[in-house]
Amino acid sequence: MDAFFRILELIGTLAFAVSGANVGVEKRMDIFGVAILGVTTAVGGGVLRDLVIGVTPPQAFQEPVWLITALVTSILVFFPFLRRLAAKSRARLDTLLLVTDAVGLGIFTVTGITTAMERAGCRSVLLLLFVGMLTGTGGGVLRDVLAGDMPYIFRKHIYASASLVGAGVFLLARLLAPEAAAVLLGVGAVVAMRCLAAHYAWNLPRAASVWQKD
Amino acid sequence: MDAFFRILELIGTLAFAVSGANVGVEKRMDIFGVAILGVTTAVGGGVLRDLVIGVTPPQAFQEPVWLITALVTSILVFFPFLRRLAAKSRARLDTLLLVTDAVGLGIFTVTGITTAMERAGCRSVLLLLFVGMLTGTGGGVLRDVLAGDMPYIFRKHIYASASLVGAGVFLLARLLAPEAAAVLLGVGAVVAMRCLAAHYAWNLPRAASVWQKD
Amino acid sequence: MDAFFRILELIGTLAFAVSGANVGVEKRMDIFGVAILGVTTAVGGGVLRDLVIGVTPPQAFQEPVWLITALVTSILVFFPFLRRLAAKSRARLDTLLLVTDAVGLGIFTVTGITTAMERAGCRSVLLLLFVGMLTGTGGGVLRDVLAGDMPYIFRKHIYASASLVGAGVFLLARLLAPEAAAVLLGVGAVVAMRCLAAHYAWNLPRAASVWQKD
C-alpha cells in the first residue's frame, strides 16, 4: 500500500515539476530559472506547510528524493527534444497533464494532512483543511508569484476548491474507513472534480458587477 | 476592558476582510478566490508574525473565531445585494471603511506586539516595532502580491508609517501608563494619522528624480 | 580574520541596500517605501533562511547592526544629493555596484551555510546548498516580488547559479582547507563568475521554442 502512495506522489511530483518548468520555458528563462521554477512548484507546497506547522528544516530536504526527481524532470523539460516530441500529440498530452496534475493535487492535499497530524500533532479540523489545501496548491502559487502571474487558483476552474473538498472527504473517510481507503477517496474526489470541471468547463460563480443587472 | 479589545479586533477583522474581498470582486474572481483573498487579508499579518516569532501552528488556527468571521464577511461581500446597497451611499461608506481599516491597522499593530512579548518572550524594541508593523500591514501585502498589484504600502498615503508610529506610541506608553491606556493611545495614534493623512491628502516625500530640479 | 568577514558583510549589506533602495527610487516610492525595500533586500535573504532552518526570531533582529546599516543606507539613497553626485561618474559607479553586489552575494551565500550549520546543526549537503543560495538571493527575490517585477534571478545573467557554485566551492574547500581559506575561495568564485559573466555578457542557455529550428 505504501508503494502505491509513493507512485501517486511520484506522478504528482512529475506533473507539478512539468507545470513549473513549462512556465519557465514559456517565459524564455534560462536553464537555471526553469529548474528553480520546476522544483519550487513540486516541493514548494510542502515547504510552506512545514513552515506553518513548525517542521524545520522542511521535509523536502530530509527526504530529497522528490526534490531531485523534480530537478531532473525540469531539466528534461528545458531541452526541446522532449517538447518537440510532445508537440506531436498535444491534445492527448494536455489530457495526460490534466489528470496527473489532479493526482498530484489530490495526493499532496492528503499527505499535507497526514504530515501535519504525524509530525506536528495537529488536530484542529480547520488547520488540517487549510494545511491540506496549502500543500496541494502552495507550489503553484509560488510558481505564479515568482513568474509574475496572478496565481492560477484565482484565475481559472475549480482548483483550490477541489483540494479543499478532497481534504474534507479524506478527513471524513478516515473516521469510517481504513487509512488506505480514505486516501483513495480523498485523491479520487480531487481527480473527479478536476476532470469534470475541465470537461464541462465548470466554474464557480464570479462576482457580478453591482452596475449590471443580474 | 478585554471585551473592548475584542470589539476593536472584530472591527479590524471585518474591515480587512472587506478590503481583501473587494480586491477579489474587482478582479472578477470566483467566490473561492474572493474568500481566500478576504481571509488572507484579515489573518495574514498575524500568520506572518507567528512564523517570524516561531509560534506554530499560527494562532489564527488556534483561535479560529477571526478566521471564520473573515470567511463569512468575504462571502457576504461576494454577493451583489450588499454591494448594491452600499453603492447608494458610497461617500459615507468610503469614510466608514477608512476609519474601520485604520482601527484594524492600529489594533493589529498593538496585538502583534503583545503577542510577540507574551507568546515568544520578545524584548528587542527593534523586533517589536517590526513585528507590530508586520502584523498590521502583512495581510494587505499578501493580498496585493497574490492579486498581482504592487503592495498598497508602497503606493499611497501614510500607511506602514502610521503602523510604525502606533507601535512606537504603544511601547512608550506602556512604560508610563496601564496597558489599557497604552493600547488606546497606540490605536488612537494610528487612526488619527490615517484620517488626517486621508483628509489633507498628506503623503511622505517621494524620491525626486536626479534629472529634474528640486 | 573575523574582522575581515565583517568587512565583507558590510560591503554586501551596503550594496544590497543600495540595490533595493534604487528600485524604490525608480518606482517613485515615498521615503518609507524606499527604506522598506532597501532593508528587505539587505536582510531578507537571512530572514528567509532563518524561517527555513527554524531560527526564530530571525538573527537580523538579534544582531540589528546590519538592519540599521541598511536603513541608513536606504535613506541616503533616497535623497537626491548622493544620486546627483553618482550620476557624474555612472560607468565607474556601475562597476562598483556590480563588484560589491557580487561580494554580497558571495558572503551571504557563505554565511547562510555556516549559520545553518552552527545555529541549526544542518548537515545535509542539498539543504546547505539551498540555504546558501536562499540567503544570497532571497533578499533580491523579495525586493522584486514586492516591487512587482519578475525576480532578477529569472531575468538576467548568471546570478543564482553563481551563488550555487560559490556554495559548492565553499563546502568542498572546507573539507580540505581552513575555514578562512574556504570562505575566501567561496566568495572569490562568486565574484569571479559574476564579473566574467557581466564582462563577456555570458548567459545560461535559454529555452528554445519548439516551433523554431535550433
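Here are some notes:
Which chain is which? They are A, B and C, in the order written, and residues in each are numbered from 1.
Definition applied: a residue touches a chain if its C-beta (ideal position, glycine included) is under 8 Å from a C-beta of that chain, and two chains touch if they have at least 3 such contacts.
What you see is a predicted model, and the numbers here were worked out from it, not measured in a lab.
Taken as a graph of touching chains, this assembly is fully connected, with contact between every pair of chains.
Chain B maps onto chain C through a rotation of 120°, based on Cα atoms and reported in steps of 5.
Between chain A and chain C, the centres computed from C-alpha atoms are 30 Å apart. Contact with two or more other chains is made by residues 51, 54, 145, 148 of chain B. Listing the residues of chain C that touch chain B in their complex gives 24-25, 27-34, 36-37, 47, 51, 54, 56-58, 61-62, 64, 67-68, 78, 80, 83-84, 86-87, 145-148. Considering their complex, residues 51-54, 120, 122, 124, 126-127, 130-131, 141, 145, 148-151, 153-154, 160-161, 203-211, 214 of chain A touch chain B.
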